[in-house]
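So, here come the structures, one by one.
Heads up, the next two complexes both have chain A, just with different partners, chain B and then chain C.
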Partner chain A sequence: MAKAGSSPGGDCDYIFKIIVIGDSGVGKSSLTVRLSEDVFYKDYASTIAIDFRMHQMQYMDKRVRLQIWDTAGQERFQSVATAFYRGANGVMLCFDLTHRPSFQHLEQWVERVKQQALPGIPCLLIGCKSDEARDNRQVTNDEAIAWAKQHNMFFIETSAKEKENVQQAFQQITKSIFEDMKDRNGKNLPTAREGSVNLEGQANHKEKKSCC
Partner chain B sequence: MHTRDALDVQEPQASHPHAAPPKRAVSQLSRRVKGEGSVPAASASPPPAIILPENCQPRVVDADIQRSLWALFPETTKRMEMRSHLKNMLLRILAHHRDRHYYQGLHELMGYVLYVMAPHRPYEDILPVCERLLCTRWRSFSEPKLANSEALLYAMHAVLAEEDAELAMKLEKCGVGPETHYAVSWVITWYVHCIDNLVVLGRLFDFFIADETDTAVVFFTAAFVLSEREQLLQWIADAEAEAGEIGDDVMVMARVYSKITTLPKTKLEHQTVESVNRLIERSITLRRKYTELVQLEKHNFLDGNVRKLGLLANRRTRNAALRLLWRFLPREWRSPASENKRRLALLTTGIALAAATIAITMGSGDKGGHHRLS
Partner chain C sequence: MEQHSNPFAGSTPAKRTAQDLEAVTGLKLQYAEDCFRVSGCYEAALASFAQSLPLLPKEYFDAYETVEKNASKLNEELKLVYQKARELKTGDLTDADVWKLFQLNPLFSGQKSASAAAPASGGFPFDKKQPAASTETEAANPLKFDTKAPAASGTAQAPTGFSGFGTKAPAASGTAPAATGFVGFGTKAPDTTDAGAASSAPTFGGFGAPAAAADTEKEEKKPEVLYCEPEHFTGPLLDMPGFWEAEVVERCALLNLNGGFIEANRDKLLPRLERWVKRASFYRAPVKYARIVDRDEEVTRVIIKDADRTFNAPEHREKFVHFLHAMYHEFHAYGQAMSYLAGLCMLVLNEDDTAAVLRFVSKEYIRGHWAAEAVGFATSAWVVHYFMEKRFPAVANHLMELKFWPDTYLQKILTGLCIHVLPFQELFTFLDAFMEGGMAYLIKFCLGIVERFQDRFLAIKDSMEANKVYEMMRLDSHATNITDIRAILARAPEIDLGENTNNIDLLRSEMYEKHVLPRLQRAPKKDTFEPCALCEKGRPKWWNDDLGHVCNECKDKHPNEVFEDF
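Moving on to the complex of A and B:
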């Protein structure tokens, strides 16, 4: 279960809501649990509907609290996830480096993001299970980068098991969200929480970007 | 651990909901299972590929099976053997019942039945039990769409609203209504997904199986949430107090949601059989009072008559909300005259007062006019 509420309130400058999506079994929950609890459970069960996790982090001189909504991969639960797309600030799009179909299904996932989330919402492509990919890689780094570039997002390979690039992935999506805010506001990063991302996803989003 | 390369089934090429029954898939799967008594499937020679109908969702089943039965079968060899049985059981039943659809959580329900029955009955006897449960008690969960399961959550919330309007309204106000699906994994897995206490699970299964409808879990969930009333209200108050510092409603929702979803693990998991029995007794009381309501709410939701918004969008919960507001009115306002005589007297007095007011107003108006004219 998620270890929610890792920090008391009033101690953050920004709150970002992040949705983690992708096929069943690609490693979404392992990734988010590694971030929020710093553990790797080999006996983790399938996510049903949606799970919530929280993580407090530092980005440059800002204290950022990430609300992470970890969704189930099965199609039938996407109606549940849809409610959580609203007001999201970033999307982590996951696939399994050792399972090519999960890479091939990315187009369907990105299409869903286009339909449900804020136009131009920052996305990050994550290739999970880089440890297993050493012996059983089914998606090359080059083709994943090419796909990410085509969809205007960054790509990062992670291993929740070996704690590889997990923090970096969440740092990257946080950075993308800040840059998105900067683009939309047309000015430098706000310094106070009043100028933070609108959590309802209503204000400060007049522009539309082609990103996912 | 076997990888997905070991998959012995193929995904359907296209959606064919009305295609011919998959006799070939069933018979081949049956043959394979019979040969698995002594040799686990993972070590057997790969059988020919089989096309399974879409309702089986073999790719999702495979991903779920690889993450199943950890707690029930801690010994690796046994767990692998049971996973093989579980997968074959799921696919055989679903291939045979194409109107039933695999959902994440069904593997946990069948896994628990397998765990309970395996020491006493041969595998071939367990399969028809799961098949029967799928077609009866788990029917709402395994419909093509999630809506039938969602309808149960809305029905459960309606029971909450009838029994404890304040709690229902506070949950909705902080954004944790039925639309968040906070209880979906409890309901559609009969709590197998949420708790490891096998004694509690056994008692719950007895209660849910004995119920002739599929709504016992709805009433139990309502009873369970109601029993945690004080804890829930405290969590909501704490989250609102915290949000008060940073002014963030979304944070309140996230805080309460993260707490409420842990309720089975933090509370139900540690209950004694006696306390579970008390919850079941309360569930039975709720069932006696609200059977019609639950059926009505289910149909309302499925017919699209309940907007996924909240308390005031729903007639039953709206009534509960209004009742709550009623309680805040001054006592004398809340006590309408019960006797006809008193009602008549009040009406007469009201009419007399209104008539007097009109007469005085008209009189003063005439005087004013007269003054102006003069």
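Moving on to the complex of A and C:
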């Protein structure tokens, strides 16, 4: 929706559209509500289709507005994907540290991103519910890092309940988007989906974390 | 008002007769009457006629060319008939039930008979698409009218057998109903698979036309269902000991916006919701409970998560899970918003009555909204946009210019039915009106919001302020207040949808084809891929300039080749 790299003026320098995806119940809404409203609801009602939130933040010396598209984990995307992914600048890929299947389903989510989003869109892997994981962890930190590395993205564990790493997660995806912008501006990377096939191989894994 | 009790919202009550069938088909009156008598109504008779046409002797006709002349109009009518049949043919309804619904609630009035319309000019649209039934049939029937009903799914099954005059054509469970057989013509009955998405997609490709891309995938992967007797309490939640304390006093998530309403209306709530049940009485039937075999199964897990996010106590959650699980198997689909209304109803209704309300709402009012891939919702959202263009063109155009699409901001109303949006006092006013007015009311409510805030919508300068659209459309407390909400509730029923009030189904079909279908056709399918260039089976993972795209297994067979990620 927002055009990355533009300088819209007003009260911010950049607007980034972030989409938050992952299995139902992993904590996507809790994460976004914690960021945008700084509250945690114990039993947040399930999200229908898409919800939308805004958050203003500072990154380096830039004022950044995040348009956060919080999705329903159950939705299949064919009918809503076009509007949803269109113009996205970054993806937050969430799973529940206390529920292994949500980690195992990450491949499917990445596949959807590859199909729908711009090639090379920056992604961030987020392991939610780190507070509950203290007693009931089903995905180790090492294997999550390994998965993230394999897919060329960073990994961070968060707890919306304890306000742990939430800001940092959004800072990280913002950082990745800035780096991606810089990278695209420098290399004139393709913007059509068709270009996604070889993009993964082109990316500099050490310097740029773009997943798809 | 009358239209709202009609599952064929938008239809007129006057019935067509055998004479109408005679006029539109050119059949001799004797055969038109036979067909009509066996079928029970014009709509079923028309479907039966269409299926049987290839094998009908010319002697059955007074004017054989009439069909061709009326082909365009017939296509339109058949399209609506099959669309409606597909939508209705879900759950426990038998084919006969569905066709009886047509008898009770005719889709067409006598005044709108195709025969009264000018004969269609040009060709017969079915002809070109149809495979010849047989050489013999072709000779007897140069129209080559195909007998297949529009497939609602790319996985459409083989047409079910059509066993002749007066018998009911069997149809696989979950398929659109086969029209009653007509005069022993021996043709095959139409067959369309439904799945959840089929009921949501108001599609019709014409006879023999390709199925909509939306339906090439089953809505849900269906596990084997083991039906069982319920082992839990199936009465109202408020009758359960401990419910009040655990859920009302401790305020479970469902009651986030209760605001003392339940406490003040504990005795009034049951009679209020019984009016909903009365409206849904046609759909009252025992719930068929299914054993939960795998709690990690995709949809079951979502249901369990939803229960956790609805009630506090394990026993209430478990009851909720068993009920929703049963409805999931009945509907062959589960959308999370379904749990919202189910939870509210179950407060005071038993599970059979709650099921009746859910069936009524999902089948008659918001078809296809409660599905994992909510095609029906997306379609309805564009219908709202259509009305917005008519009544508030400046706002509609402005939102489109800003690329705010209706299927991203109307879900809380069209699918969530304002639950978790409106305070309970206002919510139940909304739901009462919805139960009376169905989709038309939802559209009016959306327009009421637009009308109330049109200046604010127009003041949105660019996409930077996208949040304002969403905040207004979900009636966020920091963007709207209770005065706004009450004003919208008061205004909504008065909004006139104009001449299209009775054409919402038709509009859905148009909006689907215009806005949703193209997306579905463009969208990559989850499990669809071009197979490996070598084995032509596996999913390609690797690329080699000489070999092309290959799967893991074929890559391993060429250890000396250099591959890169595909």
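By definition in this document, the second predicted complex is superposed on the first by the 173 of 212 C-alpha atoms of A that agree within 3 Å, B and C clash if a C-alpha of one lies under 4 Å from a C-alpha of the other, contacts with A are read in each partner's own complex, and residues count from 1 in each chain.
FYI, contacts are C-beta pairs under 8 Å (C-beta built on N, C-alpha and C of every residue); 3 or more make two chains touch, one makes a residue touch a chain.
Fair warning: this is a prediction, and the values are worked out from it, not measured in the lab.
Chemist: Under the stated touch criterion, which partner chain does A:M54 make contact with: chain B (first), chain C (second), both, or neither?
Modeler: After superposition on chain A, A:M54 lies in contact with both partners, chain B and chain C.
Chemist: Tell me which partner A:T98 touches in the superposition: chain B (first), chain C (second), both or neither.
Modeler: A:T98: touches chain B, not chain C.
Chemist: Mind working out whether A:Q115 is in touch with chain B, chain C, both or neither, as first, second, both or neither?
Modeler: second
Chemist: Check whether A:Q171 is in contact with chain B, with chain C, with both or with neither, and answer first, second, both or neither.
Modeler: neither
Chemist: Contact-wise, after the overlay, does A:I15 reach chain B, chain C, both or neither (first, second, both, neither)?
Modeler: Touch status of A:I15: both partners.
Chemist: Taking the superposition as given, does A:A45 touch the first partner, chain B, the second, chain C, both, or neither?
Modeler: After superposing on A, A:A45 lies in contact with both chain B and chain C.
Chemist: Touch check for A:R76: first (chain B), second (chain C), both, or neither?
Modeler: both
Chemist: Of the partners chain B and chain C, which touch A:N141 in the superposed model: first, second, both, neither?
Modeler: It touches nothing on chain B or chain C.
Chemist: Would you please give the residues of chain A that touch chain B in one complex and also touch chain C in the other complex?
Modeler: 1-2, 8, 10, 12, 15, 24-25, 43-54, 67, 72-74, 76-77, 79-80, 83, 87, 101, 200
Chemist: Spell out the residues on chain A that touch chain B in their complex, using ranges where they run on.
Modeler: Against chain B, the touching part of chain A is residues 1-2, 4-5, 8-10, 12, 15, 17, 23-25, 43-54, 67, 72-74, 76-77, 79-80, 83, 87, 98-99, 101, 136, 193, 199-200.
Chemist: Please output the residues of chain B touching chain A within their complex, sorted ascending.
Modeler: 3-4, 57, 59-60, 62-64, 66-68, 70-71, 101, 103-105, 107-108, 145-147, 150, 179-181, 184-185, 188-189, 193, 242-243, 245-246, 248, 250-251, 254-255, 257-259, 261-262, 265, 308
Chemist: Please name which positions on chain A make contact with chain C in the complex.
Modeler: 1-2, 8, 10, 12, 15, 24-25, 41-54, 65, 67, 72-84, 86-87, 101, 108, 111-112, 115-116, 197-198, 200-201
Chemist: In their shared complex, at which residues does chain C touch chain A?
Modeler: 214, 252-254, 256, 296, 299, 301-302, 305-306, 308-310, 312, 334-337, 339-340, 372-375, 377-378, 403, 405, 407-409, 411-412, 415-416, 420, 462-464, 466-467, 470, 516, 519-520, 522-526, 543, 564-566
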